[in-house]
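Please find the structures below.
Here come two complexes built around subunit A, the first alongside subunit B, the second alongside subunit C.
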Partner chain A sequence: MKSLEADVVVIGGGSTGVGVVRDAAMRGYRAVLLERADLGQGTTARFHGLLHSGGRYVVSDPQSATECAEENAIVKRIQADAVEATGGFFVVTPGDDPGFADKFLAGAAATGVPAREIPVAEALRREPLLNPGILRAIEVEDGSVDGWQLVWGAARSAQAYGAEVLTYHKVVGIEREGDRVSAVLARDVKKGEDVRIDCGFVLNCAGPWAGQVAAFAGLHDVNVVAGRGIMVAMNHRLVNTVINRCVYPTDGDILVPVHTVSIIGTTDVKEDDPDVLAIPRAEVQQMLDAGEKLVPTFRNARALHAWAGARPLIKDDRVAATDTRHMSRGMAVLDHASRDGLKGMLTIGGGKLTTYRLMAEHIVDAMCDQLGDTERKCRTADEPVPGSESRKLYQVTHRLAEVEEERLTDPVICECELLRRSVLVKTMKEQPNATLDDIRRQTRLGMGPCQGGFCSTRAAGIAVAEKVVDAERATGLLRLFLKNRWIGLWPILAGDQVRQTALDHWIIQGIYDVEHLPQPEQEVVL
Partner chain B sequence: MSARSEQSKHLRERLNNELKRVSLDHCVKCTLCEQYCPVYPVTELFTGPKFVGPQAERYRDGDSVDHSVDYCSSCGTCTVVCPQGVKVAEINSLARAVMKVEHGMPIRDRLITETTIMGKMMTPVAPIANAVLGNSLARGVMERVVGVDRKAPMPTARSQTLHGWLRSRPKPTNKPTRGPVVFFHGCAGGYFEVDAAKKSIEVLEHIGFKVLVPKQGCCGLAHQSNGLFDRATDQVRALVTQLRSAGTDLTIVSSAGSCGGMLRHEAHEILGLDDPELLDVGTRTRDISEFLMELHDAGELPTDFKRIDLRLPYHQPCQVRSQGIGMPAADLLRLIPGIEVVESGAICCGIAGTYGLKKEKYEIAQAVGKGLFDMVAATNQGVVACDTETCRWQIEKSTGVRTVHPVVLVHQAYGLS
Partner chain C sequence: MIDVVVIGLGPAGLSAALKLAESGRTVKLVAKGEGGFQLSQGTVDILGYSPERVTSPLAAISGLPGGHPYVGIGADKVRDAVLWLRDTVGDELLVGDLAENYVLPTAVGAMRPTALAQPSMVAAHQASSYAVVGVRQLKDFPAELLAGNLGCQVAWVDLPARKEVDSSAHMFARAMDDPGYARRFASAVAAVAPKGAVLLLPAILGVKPGTWRRISDQLGRPIAEVPMQPPSVPGIRLHDALLAKFKAAGGRVIIGSRVVGCKTAGGRVASVTVAVAGGPRDLRASDFVFAPGGFASGAITVDSRGKISEPLFGLPLTQTDANAVVGPDYWAPHPLFEVGVETDDAGRAKYDNLYLAGDIIAGAERWREKSGEGIAVATAVRAAESIMGGRA
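And then the complex of A and B:
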């Protein structure tokens, strides 16, 4: 068993967890992050890609609106390379109550969310595919954000401050000494090794899995409800501006241009198990219908991929009155000392990706309070994370410009996502134990129209040629990758994507005969 | 906002509004367009039609960053061969137009597209103009200063324009038996390739048509393929008005291979013009070989051709192929006893209008055309047939073999020359 020591162990490698480990490390704590899979693999990146302006909440949840507006500006400042300043519109579509726009403008003014009404003609000129029947349009400062880029940036910042970020480490136990937390036990699932981390504090940032994590500390009534939502990515940017329906928040009311796709979502259905999230076809159809309201040619466009994510909503009647300063409507910190008599452990739930940094600030503040470290102030809001020092915001043209520059020397491996060989090889060599999905989350390998049909075999071949893996593991990685792509493909299969899938099938099964490549002893799952 | 960015924004809006951008959704990455692209295999400077078309288009918003799109020769083959219906060439053309608006246009591209002005200036001083264009010292200066390759083919100026000939020739003696058609000769037919235009008129008159030749300017194709969309738009609209002035329900017969395509589909699909007058002219336009073969199919084409014993290499230009009319010139030439037509099988001769004139693209254009030039060298008996003017200049310059419009042989077979 491997032994480590830390001041604080952060459990969960989503946006909240990496935000927390970064915050704690910047305040001088020795911090370790444990994530059972890859960073941003749970809830974080299974989202719209929306960096909220706050507009969505100006009527329904004013405090969240203000927080979003403030954090929107902060995230752009510290994580420019993950954010595109697309701007956003709230549009009143035919049949919606035009009066809601007045409530919206009043709410925006009251919550400090920048918003201004623009002529419908201007909105249509800027977004020609937008529903020409819209009645009103309000411009806001929405952006789009790459969830993986965001968590990796924050994680690298944490590492630069001495934190350890351990992915594929599954928590198997939380030890207590008397009324205090004393250690976290984990298993390195890639190496098959047990790890013990002696620590004074545990911050439970496991999102929808927070109840399961709390149970390791003997706390069996942390009630996190998983609210499942599905998203559908369309093959190209039907719009270059975030389009929101100007109504009280409802299903399928947001269309986000993120990277090269546009994403419509979402739904909200209570689920019992956050590990089993369906993508029902009826909900896919519901999303396509919702898209039609915003962009009337929506159903003619090509659906590319769908996914489901689980919002972590904490329902807790016993949040102590003393905790309220750490809470807002969107997020909740549970202090297990006052709630359950266990010192050194806090759980956080709720919130949104846009406010991930603020959530981290709240829970680390609560830890500092409990430890009496009131001198250690949060410093996360100003310093850019590694990779964002230039403070230059991401633009969709970036990869095209890079490929243009390197086109004579650096071949493109994933054509849809313009992923160059050198970037792929560098990422593979940095993380030799990675699966192709791990590589995908950092490089966008296989996320475009052909969904890995052309690039997955190239990537597997390069991994062998570069001696990162042997041929047997490469086979397993390839099959695992294709299997995982399929999860998000079958629910949306129609039209162009059927043709693509047929061609991919012929290539993978016919040309490469992927069932009969050098076999790994056991099918690769990690 | 500067005038330039305002203009490029306007172009982008035009692109977004059109169905062609949406057509990128149909791409399944099959690479057929790359297999057929004449430029992609001969230079790594061009990233290929799939890349600059449906792939890169997903990344375009704001600044134009992929200048290599300009290595596309606009031959249009990608759109023709795409089995999924992606408007590859159209997407590329617009991207290039936006790029040129944003980053400026070489003065050369403005000059070489002004074919009518060139024709008007050169005709009165034809011997001098030809001497200058034939002079290696002058061509060296032209290459350095303007960027037109010193080895690139140049048109030959004629001392009489087509309209000069029409005014001075004796009136046709035979009485029209079939009613009028409008003749579209293009700017090259008016000033440089006058022979093909004259012979087209004489063939049409010989078989009984009254041929109306309204005054006509350039179709704007050269401007369009160089990304000068505004100028191209003005020109094609002016041409449409001129052609309609001769009658609004007459067939328009064209001896200008590529320019017919501009009227029939490119102005609509690439420039994004929906003028009903343009669509009307496009619908009524026929390539001359196509027109004659339609008559033949209806049993109305006299086939009293004189025998011409000749093995004849024939090259169908890319921009004639993209009109989707089959290969009427080859079919027509095969009606002439004694002619053995050998189809080139080549996708493009390389010149693609003005592409092969440019000094940075001359070698690429030569490499594109190499298969064709070799084929011509191996099969010709002194003459090659090809429907489009610049392609004829390219083939003639690169092979040394006389290259004529197919109608020239039809003219001869009817005993008119």
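And then the complex of A and C:
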């Protein structure tokens, strides 16, 4: 068994966890983050990619609105490479209550969310595919954010301050000495090795899995409700501005341009098990209908991929447990010392990606209070994370510029996402244990229209050529990648994506006969 | 006056068109794209898996379930059709006697069965050992993965097709048709090639059929081309050969134009409307061969609600709801891709003079069972013979 020592162990590698480990490390704590899979794989990046302006909450949740507006500015400052400043519109579509826009404007003024009504003609000029029947349009400062880029940026910042970030480390136990937490036991699932981390504090940031983590410490009544939402990515940017329906929050009320695609979201259905999230074809239809309200040609566009994420909502008795939307989306910190008599452990729930840094500040503040370290102040709001030092915001044309620059020296491996070989190889060498999906989350390999049909075998070949893995593992990784892509493909299979899928099957099965490659005794799963 | 309009430029359309033109019919071939050969592995499959690997493809036809396109045709006619194709393009392009499938390595290192193959490939069949040489500037040939899965040695040559690092297989093949480049390539390969009974090279050895032999002769050892993802150089060779023969037999071709409509009367197709430059144009003919491909070409469509249809003639399909035939298991059969049109024994559907060939016909997931070219050619020959028989 491997042994480590830390002041604080952070459990969960979503935005909350990486925000917390960065904050703690910047305050001088020796911090270790444990994530059972890849960073941002659980909930964080299973979203529509929106960096909230706060507009969504100006009527329903004023405190969230103000926090979003403030954190929006901070994230753009410290993680510029993950954010595209697309701007956003709130539009009143035909049949919606035009009066809501007045409440919206009043709410925006009261909460400090920048917003101004613009003429419908101007909105249509800037977004020509927008429903020409819209009645009003309000401009806000929404952006789009790459969830993986965001968590990896924060994680690298934490590492620069001495933190250890251990992915594919599953917590298997939390030990206590008397009334204090004393150690966390984890299993490195890639190496099959046990790890023990002696620590003085545990911060449970496991999102929908926070109840399971709390149970390792003997705390069995931390109830986290998983609110499942599905998202559908369309194959290009139908809009270049975030389009929100100007209504009280409902299903399918937002269309976000992210990288080369646009994403419609989302639904909200209570689920018992955050590890089993369906993408029902009926809900996909609901998203396409919602898209039609915003962009009337929506159903003619091509759905590329769908996914589901689970919002973690700490159970609140004031609302019915089946109605997760109207539970508080604010953050909640559970202090297990006062609540359960266990010192040295806090659980955080709720919140949203846009305010991840603020959530981290709150929970680390709470830890400092308990430790009596009140002089250690939060410093996360100003310093850019590694990769964002230039403070230049992401632009969708970045990769095209780089490809043009390197076209004579660096082949493009994934044409859809303009991923160059050198970038792919660098990422593979940094993480030799990674799956192709881990690589995908950081490089966008296989996320475009072909969904891996052309690039997956190239990537598997490069992994062997660069001696990152042997042919047997590369074959297993290729099979795993194709299988995983299918999870998000079959629920949306329609239109030109059927044609693409036919071509992909033609290549992968017809030409390469991948299903009859020499198979390892067990399929690669990690 | 046109006797037959053939829609589609893949193995099915080209075979039907050529067969009809050689019988003296006036044939016009219309296609939107370049056809399926350029997407294929450039060999002729009859049946590779059913679902276990098939050794003798013609013998295995009798074991296929009803509804499979081969069942109404029978092994003898499948054999005759495929041998007709082989003899038509000649042994410069296709070899094999159909007794047993060849088993040839794919670019990722799977051993893939096929009925007829190009002479540049067949040395890889039952070789005692292999070696692999890749090309640095060709990203579609994962040489180490191939070599690793075959358990053999691998080496690379560094030889751009032109001044770039990212050339397609087609670009390399065109360069290879220049004897100077082919000589440099063979010299570079000879300098690094590891030991092994058969040297596997990417399928880039010339767009022209004979180029590979010059390289083989210079190397002085058995070599085999390994097919890759599109654009398929071996496929383009077959396409070019059949198209040239069709033109030589007097056939006329409209490429790059979509067939957008049809006029029908009395249970027959009177004409099809082609969107050519300058506006739509009606092509009248006595008979029509519909070989437009299937899902991959867009000849069968699925709308955003899952309704499957064949939009041009509105042909009846074996299934019209995609929601009922897609599922979560990637490795399981995909019944969506078996959906198509059922024909009568003459190959007709819906109209008395509309004959179907190729992927539009229901009943087989071709990529899974490795049967695409065999079905295409057998149904094309059936269509042609039905037309010729009916008007003899």
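Keep this in mind: the second predicted complex is superposed on the first by the 510 of 526 C-alpha atoms of A that agree within 3 Å, B and C clash if a C-alpha of one lies under 4 Å from a C-alpha of the other, contacts with A are read in each partner's own complex, and residues count from 1 in each chain.
In the analysis below, a contact is a pair of C-beta atoms (placed from the backbone, for glycine too) under 8 Å apart; a residue touches a chain by one contact, two chains touch by 3 or more.
Quantities reported herein were computed from a predicted structural model and do not represent experimental measurements.
In the superposition on chain A, A:Leu478 makes contact with subunit C only, not with subunit B. In the superposition on chain A, A:Arg125 makes contact with subunit B only, while subunit C stays out of contact range. Contacts of A:Leu517 after superposition on the shared chain: subunit C is touched, whereas subunit B is not.
In the superposed model, A:Asp198 makes contact with neither subunit B nor subunit C.
When the two complexes are overlaid on their common chain A, residue A:Pro411 makes contact with subunit C while staying clear of subunit B. In the superposition on chain A, A:His505 makes contact with subunit C only, while subunit B stays out of contact range.
More residues of subunit A are in touch with C than with the other of subunit B and subunit C. Using the contact criterion defined above for the overlaid structures, shared-chain residue A:Arg399 touches subunit B, although it does not reach subunit C.
By the document's definition of touching, of the two partners only subunit C reaches A:Gln285; subunit B does not. Contact with both subunit B and subunit C is seen for A:Phe454 once the two complexes are overlaid on the shared chain. In the superposition on chain A, the residues of subunit A contacted by subunit B and by subunit C overlap at 300, 407-408, 412, 454, 496, 499, 503. On subunit C, the positions that touch subunit A within their shared complex are 39-41, 49, 53, 106-112, 137, 139-149, 163-166, 227-230, 232, 294-298, 301-306, 322-323, 326-328, 330-331, 334, 336-337, 366-368, 370, 372.
On subunit B, the positions that touch subunit A within their shared complex are 13, 16-17, 21-22, 24-30, 44-45, 47, 50-51, 55-63, 65-68, 84. Residues 281, 285, 288, 299-300, 303, 407-413, 421, 454, 457-458, 460-462, 464-465, 470-472, 474-475, 478, 482-483, 485-487, 490, 493-496, 498-499, 501-503, 505-507, 509-518 of subunit A are the ones touching subunit C in the complex. Within the complex formed with subunit B, the subunit A residues making contact are 125, 128-129, 235-237, 240, 260, 297, 300-302, 395-397, 399-401, 403-404, 407-408, 412, 415-416, 418, 448-450, 453-454, 496, 499-500, 503.
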